[in-house]
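What follows is a set of structures to go through.
Two complexes are shown next, each including chain A; its partner changes from chain B in the first to chain C in the second.
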Partner chain A sequence: MEPRKISPVVQQAVDHYIDQSQTLNQHTENQSLQSLRAKAQMLFADRAFPTQKDEDWQYTKLRSFTQNHFKSQPAKHLTLEQVNQFLPDFPVTKVVFVDGWFNEALSDDLGALPKQASFESYADVTEQTGDFHKLYEHEDDVAKEPFGLLNSCLAADGFFFELEANATLETPLFILHIQTNALQSVQVRNRIDVDENAEMTIVERYVSLDPNQSEAAFTNVVTQIDVAKYARVRQIIMQEQHENAFYFNNQYVFQQDHSNFITFFGSTGSLISRHQNHLWMNGEHIETEQNSACLARNNQTVDSRTDTQHNDVWGLSQQLHKYVLADSSTGVFNGMIRVDQKAQKTDGQMDNGNLILSNKARMDTKPQLEIYADDVKCSHGSATGQIDDKQIFYMQARGINKSDAIRIITHAFLLEPTESISNDGIRAWVVSRLSNGLEKINH
Partner chain B sequence: MLLKVENLHAEIDDKEIIKGLNLEIKPGEIHAIMGPNGAGKSTLANVLVGRDEYEVTDGSIEFDGEDLDELDPEERAHKGMFLAFQYPVEIPGVSNKFFMQTAVNAVRNERGQPELDMFEFDEFAKEKIELLDMRSDLLDRSVNVGFSGGEKKRNDIFQMALLEPKLCIMDETDSGLDIDALKLVANGVNSLRSPDRSFIVVTHYQRLLDYIKPDYVHVLYDGKIVKSGGFELGQQLEEQGYDEIIRHYHNG
Partner chain C sequence: MVEAAKITDLTHDAPFESQYEEIDELLSKKQFYKEGFITNTNVETFAKGINEDVVRAISEKKNEPQWMLDFRLKALKVWQSMEEPHWAKAEYEPLDYQDYSYYSAPECGSCAGECNTDEAGEPEIDPEVAKAFAELGVPIEGNSEVAVDAIFDSISVSTTKREELAKLGIIFCSFSEAVQDYPDLVQKYIATVVPVGDNYFAALNSAVASDGTFVYVPEGVHCPIELSTYFRINEAKTGQFERTILIAEKGSYVSYLEGCSAPVRDTYQLHAAVVEVIVHEDAEVKYSTVQNWYPGDEDCHGGILNFVTKRGICEGDNSKLSWTQAETGSAITWKYPSCILKGDNSIGEFYSVALTNRHQQADTGTKMIHIGKNTKSTIISKGLSAGFSDNTYRGLVKILPSAEGARNFTQCDSMLIGDKCGAHTFPYIEVGNSSAQMEHEATTSRIGEDQLFYCQQRGISEQDAISMIVNGFCKDVFSELPLEFAQEAEELLAISLEGSVG
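Presenting the complex of A and B:
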């Protein structure tokens, strides 16, 4: 293969992150972790950042990203009051990260979690040479994603959470990421193990302390979630960082027989928000739901991707991804359902709906099915359009003014995926967050 | 005079549909408008309530003493105009209840009345629901989504009852209804009749008129009212159809 041509700007960015990774290694005692990072550095140096020629990055353009050199910096000091303004209005166990760093003092007392639950910070896990691999179990898969690979180079904090068999975590675990520093590089590596027949809800929220911050910031998350037999996991992720932020998240989810996993991603608009689920349905009678509600305005890009692998019989996977795009924004949806030869009786449904509020906004959608079994029920659908004039007129004829009519219709369109959130309190909170995002849109 | 339409000309996509139409309606009167398909009945209804795809090229519409010329549909609704649609529109994700509470409060705001909160609205809606014998679960569903044809039409009449308009324009509300649904709609209309509420009932069929008993019947053809009469004109049309009137119109 011919060596790739890398532009000077991109080369400088690559060098910068390799340098950051090397510095990180100098402060690490754990030699196995050092060599894992060193290997990632080599791969990253070789591959660099993807360009528009790369099919998976055609519409999510990294030019504005690579111009910045994001740095790992110490966290700003925050008061409890500053942190608690970001709490939802339902009871949670709060886990706080400031600028990517776990903050024990600002978090709830994690020692007080039920005894079947355990929380360890990244630092705790990586101190023990033998144990750190549990955060790096699927490096080959992670390395296939450019930002996954970068996370292997740079991850410096995160957590490992385990819920033992048959336990139910009554109070949702609330992972709060607050970004404060300009040009901060936040690199987080997590793992959540939910053992047999255990049940829990995870709510993740990504915010900026200053919602009007003008300098960029960079958040890059990799999370592995293991959902064991009969386990039930619900996950809500709200990406609400400021409008010049970059957010990348790769989730690797492994499900076993009869497990149930429902994940929801909501995004209210940053320069780039790219959220990816990589899901392995490695057992019988697995149920999965992946939904998203994505909002973008100005020149923002929102990119939601799912890769769903049905590897055994009687799997059910459902997806609904909704986008509202204003101004000159870009929306990208890419969904792949792969059905293994062995995965008979698979039922896989994937829907994508997009509302374009401006002539300059664009949506690129690519739902795909790859089916190797013969007795399956799979479908995908996608529709992109503007608000129907007939609906607006109908509402006007009832006395509702045009801009309110547009607002009501847009709201209803975006919020449809939230109907999958079964807990009323959590759903109401997600609705209020997305509504807050919609207020910023110019119709 | 509640409504005064003079020499109205209106077009859509540069095609003239209403071609010099005159109509006067006094408070409390019921006018039926009949006519063959494509005559321009729905166009007239839409032009009256201000749909902006239609362009008024000549003539005037005066409502309650005011020229409607530049008014948006919502402003006309606030002034007391109401259109029950030939094809009520589905709005996924917006509950019927929320929709109508928003609409009722928008109109009340314009009229200087206090808004109704959720409980007050529920009370108010319950009365009207009973009036039309509607299933109350339709209130919690998305506007017209998954409603049967008859349910959609009745939902529009329900909205009419809630908004308490001065002029109710009903565009083929009876088509597609079975006889029981038709009676419900007719009863609903009759119960809304009052000395200061007028109706324009666009219909193909005499059967609704048998229940509602209009004061006047007009035949719309080729964008104009070509014949007007009393209740008996409807009965005559039922027996003889439009042929005679159309022939007479073409022969001048």
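Presenting the complex of A and C:
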């Protein structure tokens, strides 16, 4: 293949990030980590940022992103009160990151976690040459994603969390990312290991201190989650950064026999928000649920992707992705269910519903199936449309005025995926966050 | 062979997995391509290779006017600047385009331009070629209810019922003749729906287009009989590059069918066709295909590589274009009959049954581009995979902001027969208008043990039961085919599946 043409603007951005990665390498003594980053730099220099000609990026336009040169800056000082306004109303163990830097003082005392649970920051993990691989275990897969690769170049903080076998973490772990600085580059690398028969809930929230900030910011996360045999993991992610921010998240989830993993992604913020689940179902009788509720207005782009690999028998995967698009926003959904020849008796369901509220909004969706086993039940469905006039009429006939009727229908439509959240407190909180986003939409 | 299989069934208490072992065993012994004979006749075949001289020679052979030669040369330049696409879910070695011959014709009929058909009547058909078509059951004598254009390698050898049709003002002739006799119409419409540089194979086709069919239905005429074309590739190592143009003027109706086959060869043969359909206001076109190119040997070596660009435009308001296809042949199929719904209230339909067996690979589907207001499209795709094959549905539904009130319904069902094959669905849905409404659903299933058991319990053999279930699965599509074709398609399906079930 002939070398791709890179525009000067993109080339500048690429050089800028490679520079940053090299600076980062000068400040670490871990030689293995240095060579890992150097390798990532080479790949990144070669591939640069994807363009609309790349199959997976044709609907997500990066022009507004590459124009900025995001910097890695020290975190602003925040008071506890400033942080606590972002806490949910149910009990949690909070872990606070400010501008991508783990802040021990603002976080709860992690020493007080049950003894079966351990939390180590990125710095702790990478100090030990032997241990740092835990955060970089699947580099080949990560490098396939442009922003995963960039994260390999630039990641400078994050955490490693492990829950030992048979333990149950009663209080959800709440990972709070607060963005404060203009043009901040947040590069986080995490790993969560949930050992055999252990159970936990993770809640992640991405917010901006100033919701009206006009300068861009860039959050780029890579998380590996290992769900061991019989383990049960619930994950809720709320992305509510200010509307000039960028959000990219790649999650790599590895499941073993009889494990259960349920993840929910809610998105109301950021100019471009792209959330990707890469899921390997590497065992028998695995159950998985991936849901998302995405809301976009103005010029926002919200992109949610799932790649579900059924690699063994009796797997069950379910997905429901709902989008509400207002103004000139763009929604993108891309789902892939791949069923290996070995994965007989698979049940894979994927559903995507989109509500378009404005004539300038657009929705691009690509629900895919790739099936190599014959005794399977797989289906996908996708529907896009506007609110049915009959529904509005029905409500008006019962004395509900038109704008309320539209609001009620839109709410009900968007909130359907939250029904999979079994904890009442968490569900109520997610519903209130999404409702808050819906209030901002002009009907 | 079927008998033998049954005996083994009785002698050992086979677990149900062994059902597939029998399939494989049968597959390895059965040769079920019935159109695989070779016709020996004197032919004129160009030396292998493609370059400007070859393109000039083809044009000269066909006695073409300058504008057609210019069109070809321009296309050749475009083609040379493009790269062979490999994005389809089908694996094949890059082709050596210099290893194909780009023109081959039975000697006696190779005078499309020179024989003046009006005076001399129909040119004599080579008896060997006539025999071949007779064997294929293609009525080239004009004694059936269907008008036929029979194409043998690079040229059209016979077009029946022309006079009757001409009385109604309908033009039904080979593409080469149309270039001679109706240059204005051809120039007006060629490459308007599929531009020369649309894709690699369309460009190649434009450069070396062999023959094809030209249909023109004038305003307000309802074509009383089915028009059809039968394509036959005979010569080894030749490519067939048919170019078909179908124009339906305001308020007209036409139903067009095409069929195809090729002899058994041991090297890949290339078929890169371009079909353009133009449907004007209130007109309706029904385009049906039964594709039965030679799929190759057990490993699909020597089969036809079927890389086809078919596209129609619903130019006028209230027009309708309907594609129906039954795909059972070819080693690799790469085909997306599409509709551009430009006129308001226009309707596009796509009904497809694609069956792959052994190592066949099919990547097929459609594109529905909604531009006009209240445009509607329906996509029903049924994919069946057996043996070691891969069957992919790839489709695009694009609703532009102008397509107020557009409506799409898509249903893709796949059925797997055996556990070594694959069935894939890659739909692209792009919605740019809030009043548009689109639905997409896809399912994957297999023939259930209980369904088979139920039938067998009632005295229906396993083979018949499978055939019944498969036909039921495809019924939505077959019901769209014209009667004779529906029957042929059903039989083809049965033949292609023969041996793939115990």
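Here, the second predicted complex is superposed on the first by the 443 of 443 C-alpha atoms of A that agree within 3 Å, B and C clash if a C-alpha of one lies under 4 Å from a C-alpha of the other, contacts with A are read in each partner's own complex, and residues count from 1 in each chain.
To be clear about the criterion, a contact is a pair of C-beta atoms (placed from the backbone, for glycine too) under 8 Å apart; a residue touches a chain by one contact, two chains touch by 3 or more.
Because the structure is a prediction, the values reported are computed rather than measured.
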item	value
Partner chain in contact with A:Q67 - chain B first, chain C second, else both or neither	neither
Which superposed partner A:F393 touches (first chain B, second chain C, both, neither)	first
Chain B versus chain C as contact partner of A:T23, first or second or both or neither	neither
Which superposed partner A:K377 touches (first chain B, second chain C, both, neither)	second
Partner chain(s) touched by A:S358 [first = chain B, second = chain C, both, neither]	second
Chain B versus chain C as contact partner of A:L415, first or second or both or neither	first
Touching partner for A:G385 - first (chain B), second (chain C), both, neither	second
More chain A residues in contact - chain B or chain C	C
Partner chain in contact with A:P367 - chain B first, chain C second, else both or neither	second
Interfacial residue positions of chain B with respect to chain A in the complex	49, 51-53, 72-74, 77-78, 82-83, 85, 88-94, 99-100, 102-104, 106-107, 110, 142, 159, 163
Chain A residues touching chain B - in the complex, by the definition given at the top	388-391, 393-402, 404, 408-409, 411-413, 415-416
Residue ranges of chain C touching chain A (in the complex, touch as defined)	87, 401, 414, 416-446
Partner chain C, residues of chain A touching it in the complex	55, 59, 341, 344, 354, 356-386
